[in-house]
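Same chain, two partners: chain A is paired with chain B first, then with chain C.
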Partner chain A sequence: MKTKFQWNTLFLGVIVLVLAVFPFVSDSRTWTILLTQIFIFSILAMSYDILLGYTGIVSFGHAMFFGMGAYTTAVMLKRMEPSIGVFILSIVCGMLIAALVSFFIGLLTLRLKSHFFAMLTLAVSGLFLVLAEKWRTVTQGNDGFTFKAPEFFKDRMMFYFVTLICLVLVYLLLRRFVNSPFGRVLVAVRENEQRTRSLGFNTLHYKVIASVVAGVIASLAGSLYAVSLRFVNTSVLTMDITLDALLMTIIGGVGTLIGPIVGAGVIELTQHYLSGLAKDYPIFERWIIFFGIVYILAVIFFPRGIVGTVREKLWKRKTKTRPVGKGEVS
Partner chain B sequence: MEPIIRTENLTIRFGGHTAVSHVNFEMPPRHLKSIIGPNGAGKTTFFNLLSGELRPTEGDVFFKGESMASLSAVARTRKGLGRSFQITNVFPNLTVLENVRLAVQSKEKIRYQMVRHFLHYKQLIEEAEKLIALVLLDGKEHAIASQLSHGEKRKLEIAMLLALDTEVLLLDEPTAGMSLEEVPAILDVIRKIKQTGEKTILLIEHKMDMILDLSDSIMVLFNGKLLADGSPQEIMDNETVQNAYLGGLYDENLAES
Partner chain C sequence: MELLINLTVNGLATGMLIFLLASGLTLIFGLMSVLNFAHGGLFAWGAYSGVWFYTLSGSFVIGIIGAIITGIILGFITEKLIITPVYGNHVQQILITLGFMLVLTELLKVVWGPNQMAAKVPSYLAGSWEFGDVLIIKYRLFIIIVGFLVFGVFQYMLQKTKIGLIVRAGVMDKDMVQALGINIKRVFLYVFMAGSALAALSGVLMAPYSGVIYAEMGFEFAILAFIVVVIGGMGSFPGSLFAAILVGLAGSYMAYYVPALSLAVNMMLMAIVLIFRPQGLFTAKG
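Coming up: the complex of A and B.
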C-alpha cells in the first residue's frame, strides 16, 4: 500500500510539474488555451465521476450546475466590476446556488429508481435552459453576452495557472473525499443500495450529499469556463455539456477520478485535431461522426475506460508476481 | 424473563391471500429458536415483518417491549434487530474485507466522516479481520466477493450481520443452496455464535438434523399460522406437526378450503 501510494503521487507530481513549466517553455497560444480548456473540463468530468463512478447515479442534467456557475460569474462580472474580488465572490455565489439547487433537487428526486431520476434531471435541466432563454434582461437569451474578465487574467498564462491550481486542488479534495469512510459508503451504494440501507446507512443522505458535492464542483468549472471565453450563452446549459462530461468520464474510466482527467484530455485533443483536419478534408467538418467511432471503439476495447484498463493490467501483473500484501484494501 | 422480541396478532395480507395470520410468539433473550414449515408457509414473510421490510396489515412487533410499528428497516437494525437474507446479498465487486469493514463502520457510527482516509481507522479493519476469521473465511480477505463460492458468500453474509453487533440475529436459511460439504462449516459458525452467549438467534431452516442439534426451541408455521411452539422434543412428539410434515394435514386443509 505505502509504496504504491507514493509511486502514484510521484507520477502525478511529475505531470503537474511538466504542466506548470509548460507555458514557460512553449509560447504557443493555441496550446495554452487548449490545455486551459482541458483543465476546466477535467474538473467538470471529475464532478460527474462522483455521481456516475462512485455513487452510481446517472444524471442527464449535470450541465445545469455548470451553467449556474457560468452565468453567475458572467452576470456578476458584467454588472459589478471585472475584478479578482468579484470573480472569487461570483465563484462562491455560483457554488452556493448550485449547492442549494442540487440539495433540493436531490432531496425530491433521489428517492426514485435510477432511470426515473435520470429522466427527471433531464427535465429539470431543460427548465433551467428555458429560464436562461426567456429571462432576457439578465441572460440576453440565446445570443448571450460578452463581459470583461479581470485585468489579472488578460495574460492567458495567468488564467492557465489559475485553472491548473483549481484542477489540482479539486483532484486532491475529491480524492480525499472518495477515500474517506463517507466515500466508501458511496461505493457501497453504487454496488448494492438496498444492502447498504440494511447495514444501517441512510442511503438518501449519501446520495444527496454526493450530488451537492458534484454540483458545487461543476459550478466551479462553469465559472472558470465563462471567464476563459469572456462570453456566455445558453450553450453552457445544454445537453452537450452533460454528454461531454459523460463521455470524458466513461472513456477515461469511471470511478477512478484520474480517469475523467485523461478522458477530458483525450476528447478535447481529438476534437481539436479532427476539426483542424477539416481545412484539408471537408469530411472532418462532421468530426462528430468520427468522435462517435472513437467512442464506440473505446467502449469495446476499454470497457473500464483508459485508466480502469491500465489499473487492471497493473494489478494483474502485480498479483502474478506476489500475493496481495496484508492490510491492502480494494 | 422479559421477552426480547414478541409479536402480537401479527398478520399480513397480499390481496386475498393471508401470508401470515395472527401469529403471537415471544422469545427470551440469548435463546436460539428455529422456524420450520413447508415452502410457502410464510417463514420469510414473517422475517420480513420482524425486520421491517414489510409492514403488517394487523398486529405489531415488539422489541424489548417497544413497538416497532413506526420504525423502518434501517431504524430496526440500529435498535438491534439484524437480519441475513435468503438470497445472498453482498457487495459483489468489493473485497471480503471491505464488505465486512463497511458493516463494522456502520456499527461504529462512522457515517459522515469525509476528511480522514478510511485506512486510518485501523480498529475497523482489525475488527473486520477478526470476524472474517470467526466465520472461517480467513485467507480470503482480499478475494472479490463475487468470486466466492456460494457457501463462502453465506459465511460472508453472516460475518456482515455479526459486524453490526445486533442483539437479535435473524438468519434466513443460512444453508440454502449449499453443497452438503459446506453445511457443517455454517453449522460450526452458528454454534460458535451461540456459545458466546450474547446473541438471540431466530433461524429459518429446512435441515431437521441441524435444527434439532442447535435449537433451544422450535416454532412451526403452516399456511401463515403458528401451528406449534415448544422445545425440540415437544415439537417432535407433536402429532399435528407430524401430520403437517407427513402431508396429512396439508390435504385436509386443502379439502377444507
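Coming up: the complex of A and C.
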C-alpha cells in the first residue's frame, strides 16, 4: 500500500506540473479560461463530495454557500477598492459567513433523515435565492452587476495560477482531513450511522462539522468564480450550481477526492465541446440530456464513478495472484 | 369581505393543484418509501401533453384525458426503468430521480421547443360569476371541485375497496402484505402510475390557470409539493389535502398583504414543522 500511495502522489505531481507549465506553452485564451473554470468547479465538487461521498449526506442546497462566497467577494470588491487585500479579506468574510450559516442550518437539519434533509436544504437554498432576488439594493437581483477585479488579475494567466494553487491547496487540505481520524468517523457515519452512534460517537457533531467544512470550501469556489467572471447575478444561487456539483461528483467518483476533479474536467470539457457542436446540430443545445442519461446510468451501473471504477479494477488486478489474460485497464 | 373571499378562492384553487401533485408523492412515499424528485417532471409533461392534445382536438376534456394517459405511461416507464433498479437505497433513489427530472425537463424542450406555450381557458369555463360584490372566476371553482372530487374518489378507494385495503396495509407493513401472498411489487407499480396520473392531471389543470407553461414549472411546483408532503406528513393522504390548502391559502394571503414574504412563507412553514414535528402534522397510519 505504501508504494501505491507514493505512485499516486508522483502521478498527481506530474499533472500539476503539466498544468503549471501549460500557459507558457500554449497561449490559447479559450483554454486558459476553460481550465480556470475547471479548477474552480473542481473545488466546488470536492467540497460537495465531503458531504455526499464521505459522510453520505445528500444536500440540494450547496449552491447557497457558493453564492455566498460569490456575492461577498463581488460586493466587497465593488464597494471597497479592487485590490488584492480586499480580495483576500472578502474570501475570508465569505468563508466566515458560510461557516456560520452552514453551522446553524446543519445543527437544525442534520438530525433529520436523508429525505427530509435533502428537501430542507432544497427549501433553504430556495429561500436564499429569493432573498437575493428581493434584496436588490445590494445584489441587483437577476440583472446582477459587474465589478472590477484586482489589477493583479488583469492578466488571465495570473488568475489561472491562483486558482490552480487554490485547487492544490484545497486538495491537500481535504486529503489530510478525510484521512484523519475525524474523516474515518465520517466514513463510518456513511456506512452505518446507527452503529457509529452506538460506538459512542456523537454523529450529529461530526456531520455538522463536515457540512461546515463543505460550506467553507464551496464559498471559496464561489469567490473565485465571481472574480473569474467579474460579474455576479442570482444564477450563482440556483439549483443549476448544485446540479453541476452533483453531476461532477457522481460521474467522477463519489468517495474520492480525485473523482470530483476528474468529473469537473469531463463535464466542463464535454459541455464546451457539445455546445460547439450545437451550431451544426441543434439537438446538442440540450446537452444536459446526455449528462442526465449518463448520470442515471452511472448511478445504476457505476455508482463509484470513473475514478472509483478504475481504482476498483486496478485494486482487483493487484490482489490477484495469477495474471489473468483480460484486457488492460487504462 | 369580498377581498377575503377572493383571496380564499384563489388560495383554495392553488392549494388543490398542489394537492393533486402532492397526493401522488405522498402515496408513493408512504407505500414504497421512495421520494420521487422526478414528480415535477411528470407534472410538466402532463401540462405540455395536455395542452398539445387540447389545441389539437379543441376539446379540453380530451386534453385532460390525454394528459392522464401520458402520466400513466410515463409513470410506468419511470417505475420500471428508474425506481426498480435502485429500490431500497435511499441515497441512490434521491440522486437518480433528480437525474430523471433533469432528463424529463430537457426532453420537454426537445419535443415542444424551449419557448413558453400559451394555454387558454375553454370557453365554457371562462369568465366569472358575480354575487353582489363577490366575483368568482369559474375556472378556479372548477379546479376546486375537481380537487375535492379526486380526493373523494381516492379516499373512497383507499378506505372501501380491496386495493385500497392492500395499499393501506402496505403503508403499515410491506413485508407482512407480501407474506400474505400479495404481489406488493405490482401494487407499487399501480400506485406509482396512479400518482403520476395525478401529477399529470395537476399539470394540465395548471396550464390554463397560469396561462403559460414552461419546462421549469415542474421544478417550481415540485418544491411546493415537497413542502406540502413534509407539512402533511409523509404517506398521509388527508394530511396532504390539509397541508396543500394551508400552503395555498398562506401563499395567497401573503401575496396580497406581505408580498415580500410570499415566496418565503412556505419554506418557513416547512422549517417550523420539520424542527418541531418532523413526522408532519398528520401521521400515516391506516
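Heads up, the rule we're going with is that the second predicted complex is superposed on the first by the 313 of 330 C-alpha atoms of A that agree within 3 Å, B and C clash if a C-alpha of one lies under 4 Å from a C-alpha of the other, contacts with A are read in each partner's own complex, and residues count from 1 in each chain.
As a working rule, a residue touches a chain if its C-beta (ideal position, glycine included) is under 8 Å from a C-beta of that chain, and two chains touch if they have at least 3 such contacts.
Only a predicted model underlies this, so the values are computations on that prediction, with no experimental measurement involved.
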{"item": "Clash or fit (per the criteria above) of chain B with chain C on chain A", "value": "fit"}
{"item": "First (chain B), second (chain C), both or neither touched by A:Asn202", "value": "first"}
{"item": "Which of chain B and chain C A:Met239 touches, first, second, both or neither", "value": "second"}
{"item": "Touched chain A residues, chain B compared with chain C", "value": "C"}
{"item": "Partner chain in contact with A:Tyr295 - chain B first, chain C second, else both or neither", "value": "second"}
{"item": "Touched partner set for A:Asn192, first chain B, second chain C, both or neither", "value": "first"}
{"item": "Contacts of A:Gly183 with chain B and chain C, given as first, second, both or neither", "value": "first"}
{"item": "Gap in Å between nearest CA atoms once chain C and chain B share a frame through chain A", "value": "14"}
{"item": "Those residues of chain A which chain B touches in one complex and chain C touches in the other", "value": "none"}
{"item": "Complex contacts: residues of chain A adjacent to chain B", "value": "1, 176-177, 179-185, 187-188, 191-192, 194-202, 205, 209, 324, 327-330"}
{"item": "Partner chain C, residues of chain A touching it in the complex", "value": "52, 56, 58, 60, 108-109, 112, 114-116, 118-120, 122-124, 126-127, 130-131, 134, 239, 243, 246, 250, 283, 285-286, 288-289, 291-293, 295-296, 299-300, 303"}
{"item": "Chain A-facing residues of chain B, complex", "value": "73-74, 77-78, 83, 89-95, 97-98, 101-103, 105-107, 110-119, 121, 125, 142, 160, 164"}
{"item": "Contact footprint of chain A on chain C as seen in their complex", "value": "29, 35, 82, 85-86, 90-92, 94-96, 98-100, 102-103, 106-107, 109-110, 114, 219, 223, 226-227, 230, 234, 260, 263-264, 266-267, 270-271, 274-275, 278"}
